[in-house]
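To keep things simple, chains are lettered A, B, C and D as they appear, and every chain counts its residues starting from 1.
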Amino acid sequence: MRREIPLIITSFVGFLFVIRFFIPHEPFASMENTASSWIQVIKAFAIWLGILNLLKISGEKIYKKDKGWGFAAIVIASFLAISIAGFFFPFWETRTPGDSFIEHARKFQYPGTSFDWFYTYVYTPLSSTMFATLAFFIASAAFRAFRARSFQATLLLLAGFIVMLGSVPVGNALFSWLPQGWQVSDIADWIKNYPQVAGQRAIQIGIALGIISTSLRLILGVERSHLGGEG
Amino acid sequence: MVSLTIAGFLTLGIMSFVYKDNPVYKLCESIFIGVSAGYYFVSIFYQSLLPQLTDKIGITGELSDSALAYYRETGSLASPQWFNLIAAVLGVMMLLRLVPKIGWIARWPLAFVIGSTAGLRLIGELQTNIMAQIQKSILPLWDPQYIDGSLNMAASVGHSLTNIVMVAGILTGVVYFFFSKEHKGVFGGTAKVGIWFLMVTFGAAFGLTVMSRMSLLIGRLDFLLRDWLHLLG
Amino acid sequence: MSLPETPTPRTGQDFWERLAQLDRRIIFAFIFLALAIPLFFTIRQPIAVSPEGRAYFEAIENLPAGSKVLLSFDFDPPSSPELQPMAEATFKQLLTKNCKLVVIALWPQGPQQAEKALAVALRDPQFKDLKLEYGENYANLGFMAGDEVVIQKMNSDLPSTFPSDYKGNATLSLPIMQGVKNYKNFDFIINFSSGFPGTREWVQFCVDRSGSKMIAGNTAVQAPENYPYVRSGQLKGLLAGMKGAAEYETVVGKPGKGVSFMGAQSVSHLVVILFVILGNIAYFASRRKK
Amino acid sequence: MRKLFLAALLSTFFLISFSFVSAQTPPAPVTNLTAKDTPSDKGAQVDLSWTASPDEQRAENPVIGYQLLVALSSDSPFVAVGKADAGASGATAKDGLKNDQSYYFKVRAYAADSSFSESEVAGPATPTGQWWNTQPNYIWIFVGMVMLVGFILYNIRKAGKEELYIRPIAGINAIDEGIGRATEMGKPILYICGLGDAAQAATIAAFSVLGRVAQKVAQYQSRLIVPCYDPIVFSICQDVVKGAYLNAGRPEAYNEKDVFFVTQDQFPYMAAVNGIMLREKPATNFYIGQFYAESLMLAETGFQAGSIQIAGTDQLIQMSFFIVACDFTLIGEEMYAASAYLSKEPEQIGSIKGQDWGKVVFASLSLLGVVSALLEHKIGFFEMLKKVLLAE
């Protein structure tokens, strides 16, 4: 029950998606469609699972007064704030005439709703800034690692150097004495269009083969690590 | 204005991390974790579960009558509506992972997702990243270029060299990823050329990324200086 | 694969060695200034347009007037500095061609980003008199979970994949969606993406399976991964990051934020490059000593 | 008032005369209409093709679109079954068609003023579903799939019986050294499985490597910290680590609190892991699995904390960051190979062998194609081969 049924489901669904590619005839098309709708629902629940897990852990931390339980409380408070804004706003915001309650509720992220306020003034600055700090880290990584310590490292350095210069207009301006067609941006374009594409293709083929064989093992049921050890 | 100030302080709070880990950063981080969890919690409900589940079953169906009529008419969704209840059951099974004793039941829906991913990937990778790439890797090593009807030597050599670089890069790269033979002798040498190509690939990818990361910070600075503090015109 | 060891810090270093291991916060400060100061000035610089960027523009330009276009917004606010200017300019070009626009999203934040970009485009005076109507000229079908499965499913049935739009209307009640069944009913597909699911999945499950024509706007990070698809013709054009946006604005002839931010980009790149050179000088100088 | 009346009169006159003129010139009909069952489909559709009306081009009152009409016999009334834009030379009729029923078709060319003309009747055509997609592209993919699947299955079988050779991968030693270093320093090891879910090949490889690392850690009696991103991956990691401690004969040393779920959101997750690095100062960090933008920040913070860092991913862009910022990086397929090498499972070793065979075929086909492209005009055989390969 615990291992066999999941294995059968994986094989069945995997095989269906493969065979559907080659067989246009019904009932395969409809079966794939139905399976796809279900997966959309399951994936949505999987995201909820992550969220509930987070709440559970934070709750435990607060309950046991673990180190940093105050921050866990802030996590739960901000979760509640935005969720209430998302789910309960239909009660305090005026309904457009003619809308049913559910139609009204579905406008939860319209401009001007409290949910949109959280999105624009809390979620957006936090997530954007978190991502933006990468600008600092990429500079320090370049400084530290782009050193001509060996032939390989020099190739890495040169490719990075030329592409960096070629990405901004100032690169061409600095080396404007280079002949037409051999400007820094031209060389950078050449590098990213040819040697880089070649290298990527080689990597991609290897990865594709790896994914194919892993998928095959999953469908055949010989790869079982995703089921975990127990039961 | 109050809103912008809150956004501004949150921005500065996160940015302070690059100097040093500090309590203000921890505070912003906790708010972030909570708000983003809540954001997904709400969006998933309205944008995925309502249309894919309750609308199709008919609980909130007054909105999608025409959609349902469409299904009945074309039969493109061959299953009757109640079939979608199975999806709901599978979804709830997923959540049972939270209960330690019966957590194993989540393997059923998980198997569903894994099966579909495996099936789609098996064909997708083969089609897009292998078959299509073989076709694209077949390049003429001598690629004559004609300008106004006559052979242009410089352009021909240029194009041919480029093609040679492409083919050499792909093939030596593939040799590097060959695991059945040790990297020795000629084979090892070829693999080494493959590494050089990989190095150029990584260097170029890194170089291109710098732009991207700088863009992100420019976006934030634009917000701080223009939208919040009105220092920019 | 590995690069040679990074020298480990020791005590009693000379100037070059200390420079080689500069505190990264000094670099951080320089980067901050290099990005902030240029924002106060307008730096005029010529912008060279890459072939992929030009192809992107021309692909849209060559669409017959009134074409039906599907746009997928697969990114979130963190990537908006790169992708939002592209999306805005693309909307404008599509609207001047009187195209009918259907927006979908595979990332939950996508629909809101699309609304914001569309609002900017519609504010443009040239579209004021056109009386563009929701449902008739454009529609936003919102977000759907399921990643590549969603792309795959739209090959056979788009309306059942997105049963209702972002505002809660039934998709099939929108005039613009009349007769739309799958990708074949769209003349063109445009994808703005910053990760997974994104352009790679669109090529795999939409372009390769339905034969649709597609162009994409990517973050500069993601673009290298997708250049091979442009070379092989699976993508008709590709805009890469803020520079892509600036190129596009240049080709369209309407400089916007993309162009104006390129000044800060130039200066910050120069700073990074100078630090790399400095690092190498320090490295060789300290090595010669030994 | 009089002016208005005059204007109304005039415009009415023009309208009438205009429609009069154009009504007299309905567009030329489409010609050469053919109807055929759509190949390689699930049925219930028919492909129509035609030569467009020449009046698409005329300046006045041009053809603006076509309407497809269907009937059960050539003389019964026709009903609309779809439409096509001007410029089209074919369309698929599908609204309401049923399998195994013959249909007759006509196409109406519409001019801007709604005048129209009808083509000759085409048909009968009988829509049926096909049991196999016969487009050349699909056949080649099928051939490729059968071949690859055969390679992999054959080698898995073979690996079950005898030992197959896989060359030593440089990263393997780095993994062992990393564990040794942690033991010497008395500091913990941090293991990150990436952001992928349990269905991703990279995550599955990460489980294998984790099993090996955990077993060594259990033997050497050092500490292993595994913060997880995905709730499912988290519970699998728990099982893997617990199992490895059991295998090493030290189940009592397994500390449940060291394998934990953080949060399923990229940047908050990264922020939390960064915090762990700065506080615990692990001797060695492993990043194996699917990584995105967080890769560089993790690696930079890890460097700051003084850790040795070993990475492996199948995300192209992140590889470049790992190469730059980590001490050792397993590139793409190397990660799968390392996982096979460490696990010693015949399924994995056999897969790697099968993949190698696939690469040989890939390289040979490309080489053959390149040579034939070079000799394009000289040897007919190669040209033919290339045509076949390119499915021209």
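Simple rule for what comes next: a contact is a pair of C-beta atoms (placed from the backbone, for glycine too) under 8 Å apart; a residue touches a chain by one contact, two chains touch by 3 or more.
Bear in mind that the values here come from a model prediction, so they are computed numbers and not experimental data.
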item: Chains touching both chain A and chain D, listed by label; value: B, C
item: Which two chains share the largest set of C-beta contact pairs; value: A-B
item: Distance-to-centre winner among chains (Cα means, whole assembly as reference); value: B
item: Rounded Å distance between chain C and chain D, as computed from the means of their C-alpha atoms; value: 19
item: Averaged-CA centre spacing for the pair chain C and chain A, given as whole angstrom; value: 15
item: Gap in Å, rounded to a whole number, between the CA centres of chain D and chain B; value: 11
item: Per-residue multi-chain contacts in chain B, two or more chains; value: 17-18, 29, 32-33, 36-37, 39-40, 43-44, 48, 50, 52, 56, 63, 76-77, 97, 106, 110, 113-114, 116-118, 120-123, 125-128, 130, 133, 135-137, 167, 170-171, 174, 177, 195, 198, 201-206, 208-211, 213-214, 216-217, 219-220
item: Residues within chain D bordering two or more other chains; value: 141, 145, 148, 197-199, 201, 231-232, 235, 263, 267, 271, 293, 303, 316-317, 319, 321, 323-324, 331-334, 352, 355, 358-359, 362
item: Shared interface positions of chain C, touching two or more other chains; value: 1, 3, 6, 24, 28, 31-32, 35, 78-81, 111, 144-146, 149, 152, 156-157, 160, 164, 168, 220-221, 224-225, 228, 231, 243, 265, 268-269, 272
item: Touching residues on chain C, where the partner in the complex is chain D; value: 1-3, 5-6, 24, 64, 78, 179, 184, 195-196, 221-222, 224-225
item: Chain C partner contacts - residues on chain A that touch it in the complex; value: 29, 32-33, 36-37, 39-40, 43-44, 47, 102-103, 106-107, 109, 111, 116, 119, 123-124, 127-128, 130-132, 135-136, 138-140, 142-150, 152-153, 156-157, 160-161, 164-165, 167-173, 183, 185, 189, 192-193, 196-197, 200-201, 204
item: Residues of chain D defined as touching chain C within the complex; value: 82-83, 85, 87, 92, 170, 174, 267, 292-293, 303-304, 316-317, 323-324, 326-331, 334
item: Chain D-touching residues of chain A, taken from the complex the two chains share; value: 18, 21-26, 28-29, 46-47, 49-51, 53-54, 57, 127, 130-131, 133-134, 137-138, 140-142, 144-146, 156, 200, 203-207, 209-218, 222-223, 225-230
item: Interface residues, chain C side, partner chain B - complex; value: 1, 25, 28, 31-32, 35-36, 39-40, 78-82, 108, 111, 142-146, 148-149, 152, 156-157, 159-160, 162-164, 168-173, 200, 203-205, 208-209, 219-221, 223-224, 228, 231-232, 234, 240-243, 257, 261, 264-265, 268-269, 272
